[in-house]
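In structure tokens below, several structures.
What follows is a pair of complexes built around subunit A, which joins subunit B in one and subunit C in the other.
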Partner chain A sequence: MDNLRQKAKELLESKTVNLVIGYENGTNGKARAVFITDPEKTGKLIYDERCKQNLAVYLNKHEVKHYGKIAIVAPLMVMRSILVLVSECQVKKENIVALGIGEDGSLLDFPSLEVVEKYVAKIPLGNPQSDQEILDKLNAMTMEQRRAFWQNELERCFKCYACRAACPMCYCLRCTVECNQPQWISAPAHPLGNLEWHMLRTMHLTGRCVSCGDCGRACPLNIPIHLLTMQQAEEAFHMFGVRAGTSMKAESALSTYKPDDKENFIL
Partner chain B sequence: MSRIGVFVCHCGENISATVDVAKVAEEASKLPGVVHSVDYKYMCSDPGQTLVKEAIKEHNLTGVVVAACSPRMHEPTFRKACAQAGLNPYLSEMANVREHCSWVHEKSEQTTQKAFDVVRTMVSKASNNAALEPIKVPVTKRALVVGGGVAGIQAALDIANTGHKVILVERSPSIGGHMAQLSETFPTLDCSQCILTPRMVEVAQHPNITLYTHSEVESVDGFIGNFHVKIRKKARSLDEDLCTGCGLCTTKCPQKKIPSEFEQLLGTRPAIYTPFPQAVPNKPVIDRDNCTFYKTGKCKICEIVCPTKAIRFDQEDTILEVEIGAIVLATGFDVKHSDFFPEYGKGKYKDVIDGLQFERLASASGPTQGMIRRPSDGQIPKKIVFIACAGSRDPAKGIEYCSKICCMYTAKHAMLYKHKVHDGEAHVFYMDIRAGGKMYEEFVRRAIVEDHVNYTRGRVSTIYELDGKLIVKGADTLLGAQSVEIEADMVVLATAGVASEGSEDLAQKMHVSYDQHKFFAEAHPKLKPVETNTGGIFLAGACQTTRDIPDSVAMASGAAVKVAALFSSDLLTREPIVARVNRIPGPSHSTCVGCFLCQPVCPYQAIEREDIKDRAGNIIKSLARINEGLCQGCGTCVALCRSKSIDLLGYTDNQMHGEVLSVLEEAFV
Partner chain C sequence: MTPEKKIIDRVALDKLYESLKAAGNKMFAPVFRNEQTDFEYNPNASEISYNHIQTTQSVKNTVFPKIENLFRFESSQKGVDLLNIDFTKVPRVVVWNAHPCDAAAFSALDSVFNWDFKDEIYNSRREKLAVIGMSCIKADENCFCTSVDLNPGSVKGSDILLTPLANGTYLAEILTEQGKAIADANASLFTASNGENKEEVLAKVEKQFDHSKVTENLANGFENPFWHEFSLRCIGCGACAYVCPICTCFDIQDESKAGNGRRLRCWDSCGFGLFTLHTSGHNPREIQSQRWRQRVMHKFSYQPDRNEFIGCVGCGRCSRACPVDMNILEQLVALEKLEVAK
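Take a look at the complex of A and B:
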């Protein structure tokens, strides 16, 4: 942790970056995001198992972009999110310094995002084990059982869109659900409209989800919606062999075509 | 509020026999926005169109729905009618109640209901239609012909003679194609090379034709009138400007025993070679796989003997980039070889050859100087069996189609053999004799009656070798499937014609569709035989299906006229059905967030980056922009865009949404 604070201080002092995004101690023993511009305040930075939020969600915010060069505390999910955002032209790679956090919590030295790419390539990627276990149980169900499970869960959704706000990849200026010329998805929270919204969110994140699970954590009703996008992340990998957030090139599974792509979904 | 006119066509009895057209018209008149609704026997007829035009003026229509056939048939007709009546043509819609309804259902109330549903859907779409203006794009008046066989040569010459520039690309070292390999041609028995070589020379000398042999198409981008083509000019290993074609190098090359592709492996050639004496261009090429210098680093005899010092061992492939307005594909065909037939020895019997090999044996310029000698020992065969339909019309071999040319060339082969070996016996096994063509049937008769070729109707089950003879076992189905056994000295298989090697790759490069046998697909089997589904790309010759010389030449001339027609005007009118990225006032400028994931999905490379700058020139936002010249209106980007920032003009989200809702509306009956 000292290394992290020291590095952040150096970066701010040398004006290499104008802002450091990281975690600090919040209320009730929780960790929360902190935005530091003053080198003297880098002592606030922490990193431990409570630091679960995907900080990359802030990178695309106008108020943050305005700082230009930014350093960000980056455990694996943040590294992958940064790579997705660079590949989708949302952040400039020269504007981001990743304060990489290794699996053991130690500070990693990333002189550039190319090094991040190389680091991510070496790590076996997938869903967190606890989530994958639930997914395996869901996948073992019959289609009727699974539908009943999701209808029961999604019925409670009241469309607060916290899931959307928590996701670094949900950065559109105008989300599809807000299109009303024509209104593809009905606005009120009712079972059909809820199903439509979550299906749409899942499809829009297919091939782009880095399995951070922040959407599920953000849900005030504890609906495990992160399982939807995590399932799709696995599907996309099995069908097209691509995982999101491994490259700065636009190689998203649903926007690229290779002649040997599977076509078994065509009936 | 829109004012829509509905015009329900009977199409004679095509629609009215199963659909109650009067009822559809009556119900349609009650739809919101519909101010006029009639039915008529032939809406596409002159009086029918007049009905539409007059209604537009009389009722001051803002949209027209014609319930008739597929838009592929008559959409242009009614768009023109609308335009003549002063209505923007893109405000008219076709409701397909023929192909999608009357033709596929029995007469019943539900059929009428469905016809009405289709009409209602299109009324809903039409009420959301917007006036569109056609897009004009410039045309590059230079054609590319791919393939230098007789079809490619003819197409290139015909286009060049209309005064337009042509680039002819051929992958082998010389133009000429399969026709240059043939000995004589049916049904006149004139020498193939004698009639072809003047055309080859004409190509070489024509001021409007640029010839690239030993070259291949590397990539094709763009669209009709504006293709951007990369041509890979493979290294010939010599300076073509210096080489005089004296041929000294080819005579001195120490490698002499390389099987010659032109001779169908029956003859040999050196490592530096011209495929045949009349080759155009008459410049040799070094076959690097077989050249002593490239293999061992020593030799360079050709370089030493070359009087003009033209040899360039270090030459590399060059990529030429050219702008092209129209493309003619004339890549021809290949034949299956004898190794395709396990029952006929799987290629291990040297004296079981294919038809193209026989052409070389019969050719005066061939490896035997026109004497029919069998490949194994050079003896003159006294008995030859010709087997037609070797592979063709054989679903078990995956070739269901008739190769069309084999009946005729088999008769020709038997005839040529009888003319050269007077005491020889020629037997032909056939399934049917297909001799449809001018003087074709007479030609086959001549072979049977005058040249005493024995025709046996039946197939050959097996061939095996016994005491230096080939035992051909077959059946004579005209004698009750009685088995026939012939001891032959040589067997010629009229093997199936198949798509040229690499045609699938080329089709994908060109975005041209192809059939299950990899032959290029025409746009319409009857009415658009030389067009492809990709605008500006045409077909000539055997790349579409195996065909003989007269057919290939005729098709090539047809393709050339299509190209000339395309080049006849300076501007090309294109449908305004293109995608467009929305624009809104600043600071957002567009709901597009510039993720550019739409860029790789566009099959036409039509999506560009647009930078919005402030007054100081700083980029404040990058967003996608559709190049309307390149966009083909496929809508893939529309489907991909998460923020729905792209819309397809003519098929906007609003239009499609209206259509879908209308489909889901409750039935009236």
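Take a look at the complex of A and C:
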């Protein structure tokens, strides 16, 4: 933690960056995001097992971009999200300094995002084990059972869009659910509207989700919606060999045509 | 009417619930499910939670549901026919086991939906609503009812307020004609009270800030850098507004197929970027700090000024629901101390 604070302080003092995004102690024992511009305030930075929010969600925020060069505390999910955002031309790689956090919580030295790519390449990627176990159970169900499971979960949704707001990859200025000329999907939070919304979001994140689980964590109604995008992440990997957030030059699984793409899923 | 006090024991309480349900009321009561406690319609008496501190959602759903059918429409070659929905047929609802913060919130909703335009749809639901409140004997660090003129045993908004006593029975304060009608129809379930004192069992909730000072500072703090600093973390979802017992913003949506369909009123939130986006493309609340400021200003400045109530009952739900720890109590305490130029 001292290394992290020291490094953040140096970056701000040398004006290499104008803003450091990290975690601090929040209220009632929670950890939360903190935005530091003053080198003397880097002592607020913490990193421990409570630091689960995917901070990359802030990189595309208008007010944050305004700061120009930004350093961001980056455990694996944040590193991968940065790579997705660079590959999709949402952030400029020269504007981001990743304060990498290793799996043991130590500070990693990343002089550039190319080094982040190399680091991520060495790590076996997939869904967190606890989530994959639930997915395995769902995948072992019949289609009717799975449909019943999701209908039961999704009918509670009241469309606060915390899932969308928490997701670094949900950066559209105008989300499809908000387009009404024509109305592509049903906006009200009735069972059909909810199902359409979550299916749409899942499809839009196929091959782009880094399985951070923040959509599920953000849901105030405890709907495990992260399982939908995590399942799609595995589908995209098996069908197209794509893992999101491994390269700054990655091509999107669903919007890139290749002559040797599998076609066996076409009914 | 003059409030009456009676005693009801735990077994009789379940019987009262079943009796109200059997009388044709839709019961809205808290149940622990999906790792949280939340209100549901018509659970079994045995499923109802009596030991939670706070439910995830408020009880506003009973009078301001997340989706409300306003009317139907049918189009033909002759034009469009509007088909009214018969709101005299809305069911009688009993809110069961709502904490005093939730019960008190109804008066704010009444004020909003009858401020200028009298909302017939809201009022038809409200007229058929009874509230059986339950005093709080537990609170947590997110609760701050005593800072907004309420307390864990406030009678405001309840038709009957129950308070769990140390001996396992409940003190029943019968507060309104509607409450009296319920108690009279189930008179055999109640016994006489013997001067039991509810104050000694109520949760201790320390007053955390002076709301009139917050209101005063807000009047002079519109351009304060506070808003930017405190809201960079806000991700702009609607969780706080949707769990709030007083937030009433809504959006109108039409759903139609081949010209026939319905018009719906759906919850909306001032936290969303789309909320104030003009057709021209201009957005008067372009960035999140302006939207967060609007949320706080509305509750602690505009509503006290215009509607003469504070738009907050201190239930703490928004702080609990927020995925990024935008803690309202922390902000209000900071706003009370904010140094503003006058």
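Rule of thumb we're sticking to: the second predicted complex is superposed on the first by the 266 of 267 C-alpha atoms of A that agree within 3 Å, B and C clash if a C-alpha of one lies under 4 Å from a C-alpha of the other, contacts with A are read in each partner's own complex, and residues count from 1 in each chain.
Simple rule for what comes next: contacts are C-beta pairs under 8 Å (C-beta built on N, C-alpha and C of every residue); 3 or more make two chains touch, one makes a residue touch a chain.
Here the structure is a predicted model, which means the values were calculated and not measured.
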item: Partners on subunit A (subunit B, subunit C) - clash or fit; value: fit
item: Contacts of A:57 with subunit B and subunit C, given as first, second, both or neither; value: second
item: Which superposed partner A:89 touches (first subunit B, second subunit C, both, neither); value: first
item: First, second, both or neither for A:68, with subunit B first and subunit C second; value: neither
item: Touching partner for A:190 - first (subunit B), second (subunit C), both, neither; value: second
item: Subunit B versus subunit C as contact partner of A:241, first or second or both or neither; value: neither
item: Contacts of A:128 with subunit B and subunit C, given as first, second, both or neither; value: neither
item: Which of subunit B and subunit C A:105 touches, first, second, both or neither; value: neither
item: First, second, both or neither for A:257, with subunit B first and subunit C second; value: first
item: If touched residues of subunit A are counted for subunit B and for subunit C, the larger one; value: C
item: First, second, both or neither for A:172, with subunit B first and subunit C second; value: first
item: After superposition on chain A, the shortest CA separation from subunit B to subunit C (Å); value: 5
item: Common interface residues of subunit A - those touching subunit B in one complex and subunit C in the other; value: 174
item: Subunit A - residues contacting subunit B, complex; value: 88-90, 171-176, 179, 181-184, 204, 250, 252, 254-257, 259
item: Complex interface listing, subunit B residues touching subunit A; value: 508, 588, 591, 593-601, 622, 640, 642-645, 653-654, 657-658
item: Contact set on subunit C toward subunit A in their complex; value: 34-36, 38, 56-57, 66-67, 141-142, 228, 232-233, 235-239, 241-243, 251, 253, 255, 264, 266-267, 269, 272, 274, 286-289, 319, 321, 323-325, 327, 329-330
item: Residue numbers on subunit A that touch subunit C, as the complex places them; value: 26-28, 30, 32-35, 53, 57-58, 61-64, 156, 158-162, 164-166, 174, 178, 186-190, 214, 217-218, 220-223
